[in-house]
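The same chain A turns up in both complexes below, where it pairs with chain B and then with chain C.
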Partner chain A sequence: MLTPKRPEMTAHGGAALIARTPARRVYKGERSLRMSVVVGIVVLNVLLLVIPIGIAFVGSFHQWNPLNGTFNYLGLDNYTQLLGDARFWTATANTGIFGVVVITLRVALGLALAYAVWSKMTRFKTFFRTLFYMPTVTPLVAVAYVWKLMYHPQVGAINSIFGFDVNWLFDSQFALPAIMLMTVWKDFGYAVILFLAGLYSLPEDALEAAGVDGASAWQRFRLIVLPLLRPMMLFVVVTSIISYLQAFVQVMVLTKGGPGTSTSIISYLVYEEAFVKYNFGYASAIAFVLLILTALLTLVSFKMSGGRKLFGKGA
Partner chain B sequence: MRKTWVAVMATACLALSACGSGDGGSTAVKDTVADKGLPIVGETVKYDPNTLVNDGEPINLEWWMWDGDETFGQFAEAYEEIHPNVDIQIVNQPWDDYWTKLPLQLQSDDGPALYNVHNSHHENLITYMEPYDIPVDELAADYAGVEAHVIDGKVYYIDFGMMTGLIFYNTAMWEAAGLTDADIPETWDEFRDVAKKLTIRDGNSFTQAGFNFNSQFKEFSLGLPYQQGQHLMAADQATPDLDNQAMLDTINLFTGFYDVDQVGSKDFGPVAADSFGQGQTAMIYNWGHFGGTLGTNFPEIEYGTFRTPVPEAGVEPYAHDRYNGESTLGINAKASDAQKAVAQDFLRFYLTNADLMKDLSLHYSVFPMYQPLADDPDVLAHPVLSALGDITKYVWPGPIPATFETSIDTMWQDILYNGVAPETALATAQKTVETDLSSTDFVGVENLYAGYSSK
Partner chain C sequence: MKTKAQSILLNVALLVVGLLTVFPFVWMVLSAFKSNAEINSLDQTFFPREWTFDNFISMQQNFDFARLMANSVVLSVTITAISIYTSCLAGFVLAKYTFRGRGFLFGFVLSTMMVPWAVTIIPRYTMFTEVGLQGSYASLIIPAILSGFGIFMMRQNMSAVPDEVLEAARLDGASEIFIFHRIVMPMSVNAISALAIFQFLWVWEDYLWPYLMINDPSKQVLAVGLTTFSGRYATDFGGLFAATTISIIPVIVVYVIFQRRFIAGAASAAVKG
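Let's look at the complex of A and B:
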């Protein structure tokens, strides 16, 4: 019997490049099992993702309300209306600010804490890993409601503990930062765990060699650890871009886009147009702009980080 | 391995059978006795229980609702007692899901035969509704406000009750401020004085707000311009008319409570209803349903109510406020003929059962539209309904699309929290509503108000 070859670790980056495995014996039933699993997933994705996206794309050129059967062709009207809609531009700006700040803080905080936990000086590593990851596994809706209570200007914990007198969720200066703070707290644990995984897969010999060569802790981090973590950082950034451009629950629970439109982000605008005003055509047009924006930003991140080099040609 | 597969398949079958509808739990049994010996009930619309429905054969009907299954369930139970061959199964769906699930279900051939309606979703439901098989003039003789629901000579739902805005006050705070029933204000100026007396400050911060309207913006803003004879729609009933002097006056009146009279603050109790329930606010404006909310969420709060003040003492305003109807049930146009026939029979029973209709109205703190209940002592003694006064002095603008409410809320938040000038915020709201209405078929019915006069 042939033994499958283990995937090789690259010397740079620690990302697992799957090596081409030589021909090996195919077990009885393996091919059909593999096919049925893959076909099942493809069919589900086509039914639940590709077809709905296609319908929404067609709907974006219509005055469309599937709840009462309205479907009137409008051409590009929804897209031209969108370009002149101040609410859309406000939401786009808010989404951009939200994304940049939250992703930056998530990566910075995640990396710092992961590095601290990874350090040989740190004890109770499991405790810290669990502690940092706990908010990530807590339901976002529940977290958002708790933070909403904490932000209450009269009875909230934040004003009471720190002695502030701020109406966090109703002051346009603080409302978006308040949502961002909650989101960072909720999500930083995800980055910690991923960066920890990256750190544990770093080649010991490179780190030891740096120590032998007299590199300081900062030099070791900046010149060895950080470059080797680039693939993981790219992964965290790209998945964060995808999820934060679609952020919705925290805005829905905490501010409903207010005060005014100062925390309205694109996904909330899509919700409001589709499920409050039943203007599904216009909502679809906005959603498609969001999709294009997400794809572009992902591509830019990938290019800037040299994604192809990091993940191989197949990436 | 085979045992595992068998176990998996059996589990799947059990799970699927649990999800299936079926009528395994039906309580319907064949009915052979038409004459039940019961009296015919009703005023103009009559209900004769001494008949066989569906020829006495067992039949099941689903009745969808988003709330109040116990109260509505009393109608179903009473009907099933008369007609044991009918089983009405109540299905409760949460409000947020209800308005997407229901229209989609009604499009299929598997929708509920009966369902509760809220007129704010009129446009998504009307296509799938069966008209009532009751002459409109008979309905109009028994129920107020029927004419506003007539479409091409037919009605698809009417109102069982009307709800509107009023002032809720905390009775303990009222007494502590040395106020009595004689101090209940008639005008906004008197209201301002009372609010000042109810306000307690500690230096620059509030301990108790005399009046709080935070996050309650749409409730009063879409009603109080009527006091000055200003409608929400222009005379063509198709063009929104928000950007006007009466709306601006309303904005200035309310911002004046905070800025000039300092009886509350935009930052004290960010949601007025919660602040009232938490005992931080002495008075709020809210709609009648708030009585139910207080009973459920804040039972320890003792409250009184009074009618919304008016601009001038002794001068009857054009109208006191806006009202909205709580709708009667809808019948699925795609239900089977047998189900529709039973649903129509049940509808008559529902509309003519004065006792249960009273319970329903009191449960939801709505003034009953069923005329025989208009002078009912229990209705007149109800803490919320007793404050309304002459119910003919309220205007229903029609099933206004959500953009009116969302745009007014945004406008108020811009004014209070973002420093936008009222004129600018109002113009923006007008423009947003105009844009949104352009993609709907909404036509207002303010011109059906008895005292209607176009500006």
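Let's look at the complex of A and C:
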């Protein structure tokens, strides 16, 4: 992916490779391997993804309740209802705030800590890396319960250590920030590891040249390191957008969308409509808006920074 | 001397962030050994005044956690093994053979990673209930056979295996399946370890799908068990500390043992290719 080092590994490189070898010999046993993979990918994805998306799309135009077996055509009613539904707009706004804040903090913290660990002045690099990455490899449901206890007004560690008197998860002012803080804590480590990997694959000579030129540490970071880390930054941002638009478990465990609707996010709203109220049709309509939102945001971030290079040839 | 001071400052700052990062885990483990009376008392101490195993005992007696844990282990290991193998196989084919439609197929696999669970879960729920898979572990295994992320990661990784290595083996008469199992897979062991931990974790923490599919409490998985437990024994904080401790600590232990290999592999999806 790091183009300075591997210029041949781009989308164009892949196309050229195919063009150069039009009739290559088929290896012993290649055909069956290839067929099983192609058929496996196509069949499973059609069954588990393409058909379900189709059903969700059709379902979003229906009044659909599996408990009493209703499936009545409504036309665009679910979508017009959605546009007038204050809970949907609150959830969208909350998802936006959640995403922007968590992604910004994750990238900033990840970059700063990776740069600090990478620095020649840092000892015990492995130790720090191991610590920072620990929350990432722990199960979210269990971790969310630990944080629920941390935020607890009586038994929680946060109030007792800092001397606050706040009921974090039951105060509409603090509940969403509390969930965001927990999410940043859980996920910043992955960004640290990715940025570290990016830093270790930087071309040494560019950094040394900067040192000879007498650039300050900050200039070196801003003018040389940061531009070279752009592809990694894009990778972190794109994967974060995709996963935070779907965030659900932390809300489910910590607040169930409350107090009021102050922590309701889109995915939680889908869950509530689908599996608490069994409005499958309406829930599908919301989910479809979420799918389009995800696709658009991913596309925009790709277009903005040449994402084809990021995922290598064939993407 | 200036750099010496800077170096100390930097290391201390990192240590502070590191301690803040692990604090919730340490606090959780220590609290699991406190009695409920002590947890609820106004005068809090970091270490238990009196160490007790009561939380673990009562939690096991009220709520068969050992059973849920065993279910989760069996399921997570099975699903991880299956999806690792399919990811390697698909990654190998997409990385090492050129054929018509390869680019399209890889693009398709990438795009599957983007589809939110919220879109597919309703139709999947309907489909799986319709064909009578609800209640069986097959309903949890089938959707996890293929992992878009796994295929992506293994393809990126296996692209880095030099073609010359494969050619040399072919000259020696090795079949493709032999090359895949005995040469390419062993060369990808870092990426496989990283993927293994990720996949294991994803199954281990998956909440909504098992909650929808498994009705029998004795077949339920740990993640769902935790929410049931906290719903039923809402004021048993000691029990909840003990329950979260036993669902987190095994994962941390595995991670710390394999962390070197794992961290090397975890970033490889984004770096190679």
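Keep in mind that, in the parts below, the second predicted complex is superposed on the first by the 274 of 315 C-alpha atoms of A that agree within 3 Å, B and C clash if a C-alpha of one lies under 4 Å from a C-alpha of the other, contacts with A are read in each partner's own complex, and residues count from 1 in each chain.
As a convention for this text, contacts are C-beta pairs under 8 Å (C-beta built on N, C-alpha and C of every residue); 3 or more make two chains touch, one makes a residue touch a chain.
Note that the structure is a prediction, hence the values are computed from the model and not measured.
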Could you say whether A:283 touches chain B, chain C, both of them, or neither, answering first, second, both or neither? second
Which partner does A:220 contact after superposing on A: first (chain B), second (chain C), both, neither? neither
Tell me the contact category for A:261 with respect to chain B and chain C: first, second, both or neither. first
Who touches more of chain A, chain B or chain C? C
Considering only touches as defined above, state whether A:275 meets chain B (first), chain C (second), both or neither. both
Looking at the overlay, what does A:165 touch: chain B (first), chain C (second), both, or neither? first
A:68 in the overlay: touching chain B, chain C, both, or neither? Say first, second, both or neither. first
Both chain B and chain C touch chain A; at which residues? 66, 152, 154-155, 275
Residues of chain B touching chain A in the complex: 99-100, 103-104, 107, 123-127, 205, 214, 266-270, 278, 280, 401-403, 406, 409-410, 413-414, 416-418, 420, 432, 435-436, 439
Contact residues on chain A for chain C in the complex? 1-2, 9, 14-15, 17-18, 21, 24, 27-30, 33-34, 36-38, 40-42, 44-45, 48-49, 51-56, 59, 66, 113, 116-117, 119, 121-124, 126-135, 137-143, 145-147, 149-150, 152, 154-155, 157, 160, 185, 189-190, 193-194, 196-198, 201, 232, 235, 242, 245-246, 248-249, 252-253, 266-267, 270-271, 274-275, 280, 283-284, 286-288, 290-291, 294-295, 298, 311-315
List the residues on chain C that touch chain A in their complex, please. 3, 6-7, 10-11, 13-15, 17-18, 21-25, 27-28, 31, 39-40, 44, 86, 89-90, 92-94, 97-99, 101-103, 105-110, 112-127, 129, 142-143, 145-146, 151-152, 156, 159, 170, 175-177, 180, 197, 201, 204-205, 207-208, 212, 223, 226-227, 230, 237, 240-241, 243-244, 247-248, 251-252, 255-256, 259-260, 262-263, 266-268, 270-273
Chain B partner contacts - residues on chain A that touch it in the complex: 63, 65-69, 81, 87, 152-155, 165, 167, 169-172, 258-262, 272, 275-279, 282
